[in-house]
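These notes open a run of structures that come right after.
Both complexes below contain chain A, partnered by chain B and then by chain C.
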Partner chain A sequence: MTRRPGVLAAGLTALVGALCLLLQDTAPFLFAFPKTWTIPTTDWVGSVLETILGAIKPAMRWFSWLIAYPMDGLNAVLNGLPWPVLIGAVTALGWHLGGLRLALLGLAGFGFVLLSGYWSESMNTLALVAVSVPLAMIFGGTIGILANEAPRLRNPLLGVLDAMQTIPTFAYLTPLLLLFGFGPVVGLVASAIYAAPPMARNMLLGLERIDSEVKEAAIMSGATRAQQLFQVEIPTARHQIMVGVNQCLMAALSMVIIAAVIGGFDDIGWEVLLTMRKAQFGQALLAGLVIVLFAIVIDRLSAAMARDRKRFNSRISFVIFGIGLVAGAALYLTANTTPPTGLLGPVAEMVDEWLSRFTVVNATLMDDIKNTSMFYGLLPLRIGLDDAVLPFTWGFQWTKAMSLVLFGISALTCTALIWLGKPVVGLLFLIGMGLLETGITNLPWPFFLTAIGSLAWVASGRKLAILSVCLLVTILVSGLWERALLSLYLSGAAVLTCTAFGGVLGVVSANSTVVWRLLRPVCDLLQTIPLFVFLIPVLMFFQIGEFSAFLAICAYAIVPMIRYTRHGIVTTPPEMIEAATANGATTWQILRDIRLPYAAPSILLGLNQTILYAFAMLVIAALVGTTGLGQSIYLALGQADVGLGVSAGAAMAILAFIADRLVQSFAEDRRKALGL
Partner chain B sequence: MTTTPAITAEDLWQVFGPDPLTAFRRAQSDASSPEDIARVLDASGHIPAVRGVSFDVAPGELFVIMGLSGSGKSTVVRGLSRLLQPTSGAVRLYGEDILAASKSRMNALRRNKIGMVFQHFGLFPHMTVIDNVAYPLKVARVSQKERYARVRPVLEMLGLQGRDTAYPRELSGGQRQRVGIARSLAGDCSIWFLDEPFSALDPLIRRQLQDEFLTIRKRLNTTIVFITHDITEALKLADRIAIMRDGQIVQIGTPAEIVLNPVDDYVRDFARDVARGRHARVGSIMRNDLRDIPGDTPGLNPDMTLEDALAFCVERYDPVPVRDPAGQVLGHVYPHDLAKALQAEKA
Partner chain C sequence: MTLSRLCLATLLATGSAHAAELGAVDEPIKLAINEWTGQHVTTHVAGEMLEAAGYTVEYVTAGMMNQFQALADGDITATLEIWSSNVSDEYAKKIDDGTVVELGDLGLDAKEGLAYPAHVAELCPGLPDWQALKDCAGVFATAETLPMGRLVDYPADWGTPGAERMAGFGLPFKAVPAGSEGALIAELRAATEKKSPLFIVFWQPHWAMSAYDVQFVDVPVGNDDCFTDAAWGPNPDATMDCGFSPSRIFKASWSGMADKWPAAFEILSNYTLAVEDQQPMMGAVDVDGGSVEDVVADWMAANEAAWKPVVDAALN
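Moving on, here comes the complex of A and B:
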């Protein structure tokens, strides 16, 4: 990376920040963007969208009517089948794909579902997934093939896929709600939209990665284009495509459960939401566990399908399925088809009681944890030291003099660092202290625009800088600015925490196989669980509020940081480490001088994923009480306010987009510097 | 030539870049010699990978195109098979202009006339050996029973019997290329393109497959274009060799011509590493005086390699007669000529 633009950018940012602080009293509009300057874009977006939606509504209603048939049919079949048949089928499939291990997983997973007493709700969810996944696969697969066949369409289509994945899930529930009306079809269509991009991406990736000689061999065999595609290319890419199917399944399941918030369908997501609202955490936990087991079984089975291992004896599969069939028939003949209800109900109640007792007994401890993190961590970050430090919490009042002293010390440190030849570090330190004093939500908008513009300029160049600033200005003038900053603060706090803890955990697990062996299943589990379920445990202990949301975001977003950090460090070429050892470097020196710099691009990619995960979870976390864009999107859903929902969703997508491009560019720079 | 050549390439150009066709037409109007056209194309950001290549291949001939990587040899064969559409020029197979052929005509040609073997085999990973080999028949809609029956002899010829239900990933490199060769022969091809077929194999397997290849070739009598970067392989297999550099053909000739009369330093550099004695023939250094010198004759004939000839006349100072099988004198080899030819490579 070049040094000069860094100094220039940091200097400019610091200068704008200082100017804004100086003019604080004379020009308050620098801090709070005046309402009179905003344009009612949300209303415009709303009316335009409503016109469009109104125009295509009849067609969509017709589609809704059409799709209801397979869904109702499947629903009736799944609910009507005696439960042993389905459990037998899943176990038999598990055996066929992965032998005893997967067979037991299938049996235990679906057995738990049965015992939990949520069998029929689970079947409703399964029916939704089973209809939406084929839709998503056809839709996504077609997009992938199209992008492969017509190179001119490739980039626009990839852009559409990006948008489909970054726009928060709740945001497109609102227009869908208007189109399809209340009912399960909204969840179905939403999950098909949400699950299509991974399918499309993997289809395209698979087709593009085929060895060119294999394609040429098909041509030279005299195959037509259709024969090439369907007889050679798609079968050759099947592993990548199956990875797509796996991701597609998981995304669809996650979305079906999220879509439960609009209600109207008696599925397992709705059950979780309902029990959570009634504060029956034992039951919520049980229903949440059902979802988790569902997710694990579906994930492991479909992942096994993507691997090209030897299949297990199909005769045993037939026997297992046969046992299920016979047992099912027996139940049917004895007219005993309704699944046993609530065998685990008493357990749930016990857990519930224990939980209530636990939270009552440990109420002070919980409050202490929550208040300490809020008062000394989150609040200063949100509103700055000058507002957060009060006699009531910190024991003293923050004064103007303290601000001056803080700035004085920062300026001195900065000067010292510049003198030592580290101008960028010094200026960044100064900016950081200013940020801490002011708080993210109180940042003056000229400073924020300059800071992001400069960052983008350093990271990538003029093009990204201009694009980022323009996009941010649209948020600014649309009147969503304050909410955007609130969202930024919460996800920023979560990302910082995840980076610190996840980075350390990653480094530790790179150096100790024991730690990694313990941590890995936890990471796997956290990535398999649908977003929604994260809310249950945090709610149990910390009630509704910002802190719970913060914890839920951290729990979900920390995983990529751990994984990528570890991966980057572990993949350092051994000859580099051997060379360093031969030069007499200690373990710590090797880590600091060789492994971490080498892992930098990978760690940056982890940071990128962590940021995107945090944004995705932010919207879901609105359910347990956050302010900001997430809340707006959620509220818009309740009021069927398309303009607000889509605008706020777009604002979130803009923030995610800018963060993504910034970090990606830095990672790319590092990779180039290392010659990778 | 009186008979129609099996393959004709005429002033073939292959240009890569943003807009090859327009760029080439413009360059052609600005310059005349291939070098100048290439320079103009280069300047406009285009890459002229093949620059005005022309040659004929006679029916049944084994024509080797040799060059270093990046010399354009693989691109030429992709133009001949129309895997790439050449930017300019003509390709004729038995007189038929295939660059103008329709898609369905091209597919028919590929199913029945043209076979191609690839460097990294290009096998379909999801098909068994027999399905790989029979694929050209499958796309021609031959029934499964018939296509299996038709490819069995081919599998046997390549020693693949008993492996027909194996998948490519279960085979060794040599066996994989046998499958690749079998597939290219499934349609009874009369024109055979081989793109560095043995380069990815280890030396022992390579030699074994080269020998088998020569046997198959003798049996089938197809016309062959064989691409390689290995001069020893080229000299061993070829009827004629074309040496390529920077997209152009530098020299076309028989192995002996290439070894003994390289046109420039580039070709000479290739030939330097080759033991000439093993590739040049007695005929190439024989003087045509038909005197019959009395005395014992060691029995040289014109097709002997120089190395073999040396063994016969290592202790002689006089000219040695060369006779045809009937004993008729064809000419004489002077020992100092022989020594000079063998020494030249040491220089």
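Moving on, here comes the complex of A and C:
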């Protein structure tokens, strides 16, 4: 990037910011966007959608009727088989794919499901996943191929994939119900929508990465385009595609809870919801762990399937399966097929009692943690130093003079940074200071639009700047601006925290295998367990409110930061490190000067995933009483307001999209600078 | 058991009891199972009554908010415990369409109001009188609400009755929406265990009323004058300076039910359940860990006089 747009952008942002401050008292509309300026877009969206929905409803109902067949069939089979047969089959498959380790994993995983007492609910869930995953794979795969075949469609399709991943399902639950009718099919479609994007992305990536020689060979042997694609290119890309299948599975399992929110069949997610409603942590954890174990077993088995490794002795597999079959037959003959219930119940109660004791013993500590974080972290970020610094929080009152000093310092620093040739850093510093002083929710909208536009301009160019500003304006006129800022504040705080802590954890686990071995299962757990489960202890420690919501978002969004940071550092080419060692660099110097710069693109990708996750979690955060866009989505559900739900969902997607594209553009610069 | 407890009065008053056809006995009647135990009890009692009349019943899990589309399509035949305090607007739309019909009141006597777990009375002397709260706001203050006290209101999608009351009474409290029922219960549980201050909006019948010894704050009884006329009540400058308007709890069915299962439609229309019956069953499930099926079966066996007449009236 050249220097001039940076200087210009920083100057413009500073100017608009200063103007807004000067006009603070005379023009209040700069701060609170006037209601009269908003357009009833949510109503328009609602009526347009309802017309479309009415038109395609018959076709969708037919689809719904059709898809119910395989699901009911599978359900009948899984529930009809005596449990030893299924456990035997999974264990046998585990042995076949990965020997003793995977066989034991399969046995332990499905054994836990049996002991949890939720066998039949779990089988219902499994039937749902077994139908939604192929559906998502076909859907996602088709999008991936389409994006590859028609380059002009590529960028719009990628945008659609982003939206599919960030617009929360709750936002379009009402239309889905109308289209597909009540029942598990809605959950199935919702989870397919969410699970398709990873499949599409990996399909596209796989096809794009194929060597040109391979493609040319296929063309020279006279294959038609379809033959090239299905007989040469897709088989060649199968490794990347298997990664997609794997990610697709994980995503589908994490959406199981949505199917339960609608209801229609008695699955494991419903149990989580019931226990969550009673604040029974132990029981909710027990039900939630069933989903985690399904995820882990299926993940490890499908990962093993993706690897071209020798298979283990199939005779032993047959023996294992045979044992399961015989045991199943024995149970069947003795008419003893009902799976045992409640064996782990006492354990769940113990966990629950432990939670109670922990809450009581650490009550003061928890209050201190919460108050400190609120007073010195979250509140200044939300309402700014000028409102958050009060005698009974910080011990003194914030004054106008302090604001002026702060602005003076930041203007000087920004000028100095621009003069030093770092306009981007200067611009970021200026925006950051403005934000800290007034707070995210009090930011004047002209300043916000200019700041984002300038950043986009500097990061990528005019196109992104115009697009970002236009998208933000749609939120502004739709009347959701205040809620959007609240959401931005909560997600922003979570992203900042996750970046700092996740980054450090990532660096530590890159340097110590012991730490990573401990941390990895925690990461798996956090990503697949329905987060409803963790809301209970968080609420008991910290009460309803922003701090609890903040923690819930962090718990989910920190995982990609840890994973990608570690991955980036671990994969630094050894020859780079050897060269540095030969020159006498210390471990610390290698980390700072070689590993971290090399890992920067990967870390930035992790940051991007963290951003998407943080926005996706806003809906769950609303369950602990936040008032941003997430709450609008529940309000829309309660009022059966299709327009409001979809608009609020779209606003979330827009914020995530802009944050994501900004980070990606900076990452691209970085990658180019490193010559990667 | 006394008959008066149940619906005999309704029966006599409306005189709607007449013999009806059974209808499609070979097809199961699908009853919605929502997310809370009281509703499970209500529904299973109704289900057993239908079975006693010779029907087959299927229990279908359904989210409270999302069940009305199913009801309109006939995918669910009836849902038996709808609270007017948190019914989704979807319901009104379906009633207007004529795809869903109301089956009358369930007869559960609900109460909603400002409440607190019993131990809080020690932290704020003067409770349950609402006037005591004027001086106790500091006790309930937290980092987010300072210097005001904190009231945990209903989840936002159920409305904001708590915030309206605080404005009405002019109490220095900030209402925080709970987000979900689970969050409200978690707060209650933690506050009871820690003996910490907590001020909430709550309702009965609910199992937590006894489990956490929840007490209601005494306020002037709510009426239409209070809701519309500022001069009414202790605060001359505001409306809403009184208790909640009593919540209606009612039943609804798919509009095609009356034709398909006439007798069942009549049974469900005349079915009522009292708080004194529902609350012990809820306790037996949530506190003592019994299964809904067993608890309801025991109650049915012991209280035949209470429900049998409704079934017989529809059949004979």
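We adopt the following convention: the second predicted complex is superposed on the first by the 510 of 676 C-alpha atoms of A that agree within 3 Å, B and C clash if a C-alpha of one lies under 4 Å from a C-alpha of the other, contacts with A are read in each partner's own complex, and residues count from 1 in each chain.
Just so it is clear, a contact is a pair of C-beta atoms (placed from the backbone, for glycine too) under 8 Å apart; a residue touches a chain by one contact, two chains touch by 3 or more.
Computed from a prediction, not measured in an experiment: that's the story for all the values here.
With both structures placed on the common chain, the touch criterion links A:277 to chain C but leaves chain B unconnected.
Judged by the touch definition given at the top, the superposed model places A:217 against chain B, while chain C stays out of reach. By the touch criterion defined above, A:49 reaches neither chain B nor chain C.
With both structures placed on the common chain, the touch criterion links A:604 to neither chain B nor chain C.
By the touch criterion defined above, A:85 reaches neither chain B nor chain C. The larger set of touched chain A residues comes from C, when the choice is between chain B and chain C. In the superposition on chain A, A:102 makes contact with neither chain B nor chain C.
When both complexes are overlaid on chain A, the residue A:195 reaches neither chain B nor chain C. When the shared chain is aligned, no partner comes close enough to touch A:656: not chain B, not chain C. Shared contact residues on chain A (touching chain B in one structure, chain C in the other): none found.
Here chain A touches chain C in the complex through residues 173-174, 177-178, 181-183, 260-266, 270, 273-274, 276-279, 356, 359-360, 363, 370-371, 374-375, 379, 392-393, 532, 535-536, 539-541, 543-547, 622-627, 631, 634-635, 637-641, going by the rule given at the top. Only residues 32-33, 35-37, 60-63, 65-67, 69-70, 73, 75-76, 86, 88-90, 93, 142-144, 146-147, 152, 155-158, 176-190, 193-194, 196, 207, 286 of chain C touch chain A when the two sit together in their complex.
Across the complex, chain B is touched by residues 211, 213-214, 216-224, 227, 231-232, 235-236, 238 of chain A.
Those residues of chain B that touch chain A in the complex are listed here as 78, 81, 83, 103, 106-112, 114-116, 118-127, 135-136, 138-140, 180, 183-184, 187.
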